[in-house]
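Two complexes, one shared chain (subunit A), two partners (subunit B, subunit C).
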Partner chain A sequence: MSAISETRTPARTAAIGWDVGAIVKFVAVTVIALVVISPLFLLVVASLKPDRFQILADMGSFRAFWVSNPSLDNYRNVATFSGALPFGRYLLNSLVILFCTVLGGIFINSMAAFVLAWGRLPGRAIILTAFIALYIVPQESIVLPLLTIVNKAGLSDTFAAQILPWMASPLYIFLIYQFFIQIPRDVYDAATVDGASPFRIYWSVFLPISGPVLATVAILLGIETWNQYLWPLMVTNTDNARPISVGIASFFGHDSVYWNSAMAASVMMMAPVLIFYLAFQRWFVSSFISSAVKG
Partner chain B sequence: MLLPAVILVTIFLLAPFLSSFRIALTNERLIPRPVPPRFVGLGNFQQILTDHDFWRALWNVARFTIMVLPVQCGFALAIALLLNSKLPFRNFFRGLFFLPAITSMVVVCVIWATLFQYPTGPFNQILGFLSFGMAEPIDWLGDPNWAMPSIVLLSAWQAYGFQMIVYLAGLQGIPETLYEAAELDGANRWQRFWNVTMPGLRQTHIFVLIITTIQAFKLFTQVNILTQGGPRGTTDTVVHYMFTAGFVDQRLGLASAVAILLFFIVLVVSIVQRFVVKDRS
Partner chain C sequence: MNTVLGKRLLSVLGTAAALSVTSLGLSVAQAAELKVMFQGDPYEVTIITDVAKRFEAANPGTTVQLINTPHDAYNEKVGAAVSAGSLPDIMQLDAPFLANYVWSGFLQPIGGVIDKPLLDDMTASNISQGTYPIDKQLYAIGLTDSTVALYGSRKQLEALNIRIPKSVDDAWTKDEFETVLKTLAAQPGTKWPIDLFRSYGTKTEWITYAYEPMLVSMGCDVIDRTSWKATGTLDGAACVAAATEMQNWVKQGWVVPQSAGGNQFYAEGRPAALAWGGHWFYAEAKAQMGDDVVVMPLPKFGEKGASPNGTWIWAVTKTASDPAEAGKFLSFMLQDPAYREQYKEHAGFPGLKSFAAASPLYAPGGAMAVAFEQASKSAVPRPPHPAYPTITLAFQNAMNNIFDGADAQEELSKAAKKIDADIEDNDGYAPFGKVE
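Showing the complex of A and B:
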């Protein structure tokens, strides 16, 4: 035994050690990943079981990971516009709010950032400072006064009430501003010499080269809008403009929860995000990082 | 071109923010009564600061923060360390581990409510298995001792992905030469972690700490959906207290005072962040 270990050169031991270590690590990461992701897997499996009592009974065993005869009944129930809780409607509402907020948000925030970065406006620095200062105000501490303003404006229970307040955001203006000021002065000057108006410069010079930062803003604003809960909970009181997050939450608070429908609705809420995530994974991760370094 | 943003921010951010200071000094109701609201001075603040329930909410948020910080950040750092080393399919794993972070909290609540199910949910089954059937099943979300730890666990699961990528970015900022130098000096894996990795992550730690604390003070969704602040107020939070006062009980003045306190708490935490970070650089 000792003879063998003595014949090994140190380099060789290191090589073998690395290989074994790498395999152990790979297996460990795989197992951890499976455990961590299992709740999402359970969600999808449960959504294919039409019997809500079966879902609960299965949860405590390995049957939770398997569905013997998958059915789309839950999705069919949930998607109809006329059900007890019209999830098709909620999903559509959420998509409308998402689309308008993100599209409007990109233009409004990037236009503001453009002026703050390049415009010849007196008091530019003051406005910029004011925006940055306002960034610190948490949404939670303004929602109640905002509710009175929205009620007075007659906007309660509308799409507008869920879109307008969150389109313009100091954080996103600042993110785009930081991108714009890094663009060399020459780019702006060259366009001015050509006689282009400020809007024209913004539209055909700055926007086309701002893909990365606009994608970041779109992703962050999109996730934020999709996951809004407190505000729509307060501002919607009928199904007209209620988003899917509040719709799903209304499953709770009854004596018996319709788990089958709740699971299917949850998958429906998750699906759009997941599709975008799979398509633009790199963008998602870098977006979250750039939101982190704003401080 | 600046105008749309300025108008929207003024109407929907600045105006409600400023008016909350005015409303907080009155007894205004959410749905106006025939009698105009009356100026009550600092009465609302006095009432909050002498309300046992408010202090309990504040204490619950503090408890939540103390519990969620080590769980969430510890796990995030561990996964980041694993993903930062040589590993096949590293990007695939990173994408996988980030999935909970893009899952909406409402969806997380649906899943975890079934996981916490009493008495036959997975957590109780695992508990029974590990204790050879000795331990009684626990009503995780209904037991005053377990409700907050359960909320902590599901919150940490949802949010660790963000900390994970922040740590990953931090780890990539540590120069490789430091590790090589440490290795030449004969430092083992453990020593390298404590003497190179941890000091190198100082900024990241501070940042993660501050962000997690601020988020913890805004804790609302999962509590509102799963426990409504119960059982016996053990998961009541500052935002939930504000929501109940302002929206459920319609006491807008009182709730605005809570909102202002919340703003100042967040402000202080943010100033501390600036101070600590500036001090370093």
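Showing the complex of A and C:
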């Protein structure tokens, strides 16, 4: 009897311990998930309410998380390509800026990194150090000189003004550089022996095997570009090239906040990012892990 | 495979470059003769866009380029435009910042370029918000103005036999106001007797805009408006007593805390009995409470009453390519019947007498008539001084700290020193402080 109880007791403890641990984990994960999801849920629910007054009246109570008569009117009013605040246009502008910046950014940063890692460039180490040093310069401190350059170049209120200055980044050059220098020298030499030019080696050999780091750069640069506010605010004057981040701010007036429109526009701004994330979440995780390991 | 991928990438990049070049071409083609920078609520953006189109139709050959800038980032955009030497021809500005802009040399007087009947139609409060105190010239004009009123529930006040003031002369005295707060605090269901809209926080103009009149009514000010010194005024006995009094309301639990949001007056169960709100608050309250909302004048804390004024007004910049044309646009806009009609629909607070007469909400007998009467009798502009950005920041931080329990004397002295230091750093913002 005592032998049996001696053998059973640890097993029972282990089972209870596992259960308690699982419950604690479940509760913790649920709480964290609620904390993360509830603002997003509130955002979507509020965007379906009939007007800003209803949103204001419900704010601060649990009714904020409930909509009795959901309506898509806020989306209909916001998703327009004409009128004083054409959010459809702003969203499209944002997508164009995002697409061009990320694509151009991958191209330029990886080329610079390739030259720094493998090119016959005098003073490579100094240039690389200068690049890294540049990373500590905050964007806000260069906004005014950059604005003057953009104005003098006649690029004000264009897509180019929002794309060109931000494609190249010391951080991304350094990130890709770190990846490139870990590729064995034999790979480069073999391609050279085959008669490939440096650009051909970069394009046909290095780029195809750099998926993880390029994905990391694309994701980081994409998020950075999508959330840009100060710079587009400075360089855009009209709806021609204004992105949605600046457009949303128009709902915060001097007298009132138009929460219904702001919420609908925010959902519209969030949706592409969310869809992109859900579609590529495996890439997100693996690319961040790989860059963390390499970094 | 890689070559195909490369070709695709190159073609995409080519398209991107073409897009950029196309957009550059578009912006050049749309270059405007009259650049107008403004901000506003979404409905205002529509109103201004519409009136610009009507102006273009009425004045063939003149193009209006509208630079709509989000309200919260307006000053940053102005700063950037100044630095880049690209100020527009016409710009909107928040009235209390006018002195700073004129002193900095951004604006020019508009008395000579605006239609005379329009100038004659301005209310005294509107003139005061657009006038530079040094040369007494008008630099800005607007269709609208603003004020703050006291809102309550007619049913609740009548049930408690609380007198409802019907005119400015009839406003509650300080003792009466505090008795009302005490009475309301004792009511079951009333969580806070008054919402002072602390939820607006220190990142807006609210504290200076809405609370400074309390100080003025209690016999002091944020700065001496003759010597332009804050020390001795803002940290003087009268202001310290006034700030301590206001702090006491918070200590008693009478004021809606900052964290509770700005909807407590009309939220379910009406946790806040009264609201010290801007004229725009009427629409929010009315939407939830209907005709039960009653609008009252601000209390008279001392010998005289005081109320805030000032809103976003229109000015012509010093670098305007054609000031006469800019004046023509402003005159057209402010007299345009459709423009006025749209502002009327959105309960715009009148800054022109004719607009007031045509606005049922503010005309005699209207729900907000007492608010308009208040603007004509007790409006006090915020200090029209180039140091205003510093004045408002220092005062707002001080009042916020005082509400949070800090020592009033200490906080106001700190604010006064900060304001005076800024004025000294700028050599007194001459000629301010040197003229009578």
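We adopt the following convention: the second predicted complex is superposed on the first by the 257 of 295 C-alpha atoms of A that agree within 3 Å, B and C clash if a C-alpha of one lies under 4 Å from a C-alpha of the other, contacts with A are read in each partner's own complex, and residues count from 1 in each chain.
Just so it is clear, a residue touches a chain if its C-beta (ideal position, glycine included) is under 8 Å from a C-beta of that chain, and two chains touch if they have at least 3 such contacts.
Only a predicted model underlies this, so the values are computations on that prediction, with no experimental measurement involved.
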Should the superposition on subunit A be reported as showing a clash between subunit B and subunit C, or a fit?
clash
Looking at the overlay, does A:100 come into contact with subunit B only (first), subunit C only (second), both, or neither?
second
Figure out whether A:261 sits in contact with subunit B (first) or subunit C (second), or with both, or with neither.
second
For A:167, select first, second, both or neither according to whether it touches subunit B, subunit C, the two together, or no partner.
first
In the superposition, subunit B vs subunit C on subunit A residues touched
B
Given the touch rule stated above, what does A:42 touch, subunit B (first), subunit C (second), both, or neither?
first
Taking the superposition as given, does A:273 touch the first partner, subunit B, the second, subunit C, both, or neither?
first
Have a look at where A:213 lands relative to subunit B and subunit C in the superposition and call it first, second, both or neither.
neither
Could you say whether A:202 touches subunit B, subunit C, both of them, or neither, answering first, second, both or neither?
first
Applying the touch criterion given at the start, work out whether A:226 contacts subunit B, subunit C, both or neither, answering first, second, both or neither.
first
Considering only the touch criterion stated at the top, classify A:159 as touching first (subunit B), second (subunit C), both, or neither.
second
Would you indicate which of the stretches 40-48, 76-84 or 148-156 belonging to subunit C has clashing C-alpha atoms with subunit B?
76-84
Common interface positions of subunit A, toward subunit B and toward subunit C:
56-57, 59-61, 143-144, 147-148, 164, 229-230, 233-234, 249, 251-253
What residues on subunit B touch subunit A, complex-wise?
1-2, 4-6, 8-9, 11-17, 19-20, 23, 30, 79, 82-83, 85-88, 93-107, 109-115, 117, 120-122, 124-125, 157, 162, 165-166, 169, 207, 211, 214, 218, 220-221, 224-226, 228, 239, 242-243, 246-247, 252, 255-256, 259-260, 262-263, 266-267, 270, 273-274, 277
Please name which positions on subunit C make contact with subunit A in the complex.
2-3, 5-6, 9, 12-13, 16, 19-21, 23-24, 26-28, 30, 35, 39-42, 44-46, 48-49, 65-73, 76-77, 80, 83-86, 94, 260-264, 266-268, 278, 280, 283-284, 287-288, 311-312
Which residues of subunit A touch subunit C in the complex?
51, 53, 56-57, 59-61, 63, 83-85, 96, 99-100, 103-104, 107, 143-144, 147-148, 151, 154-160, 163-164, 203-204, 207-208, 229-230, 233-234, 237-238, 240-241, 246, 249-256, 258, 261
Residues of subunit A that touch subunit B when the two form their complex:
22, 25-26, 28-29, 32-33, 36-37, 39-40, 42-43, 46, 55-57, 59-61, 64, 108-109, 111-112, 114-116, 119, 121, 127, 131, 134, 136-138, 140-149, 164-168, 170, 173, 198-199, 202, 223, 226-227, 229-230, 233-234, 245, 248-249, 251-253, 257, 259, 262-263, 265-266, 269-270, 273-274, 277, 281, 284-285, 288-289, 292, 295
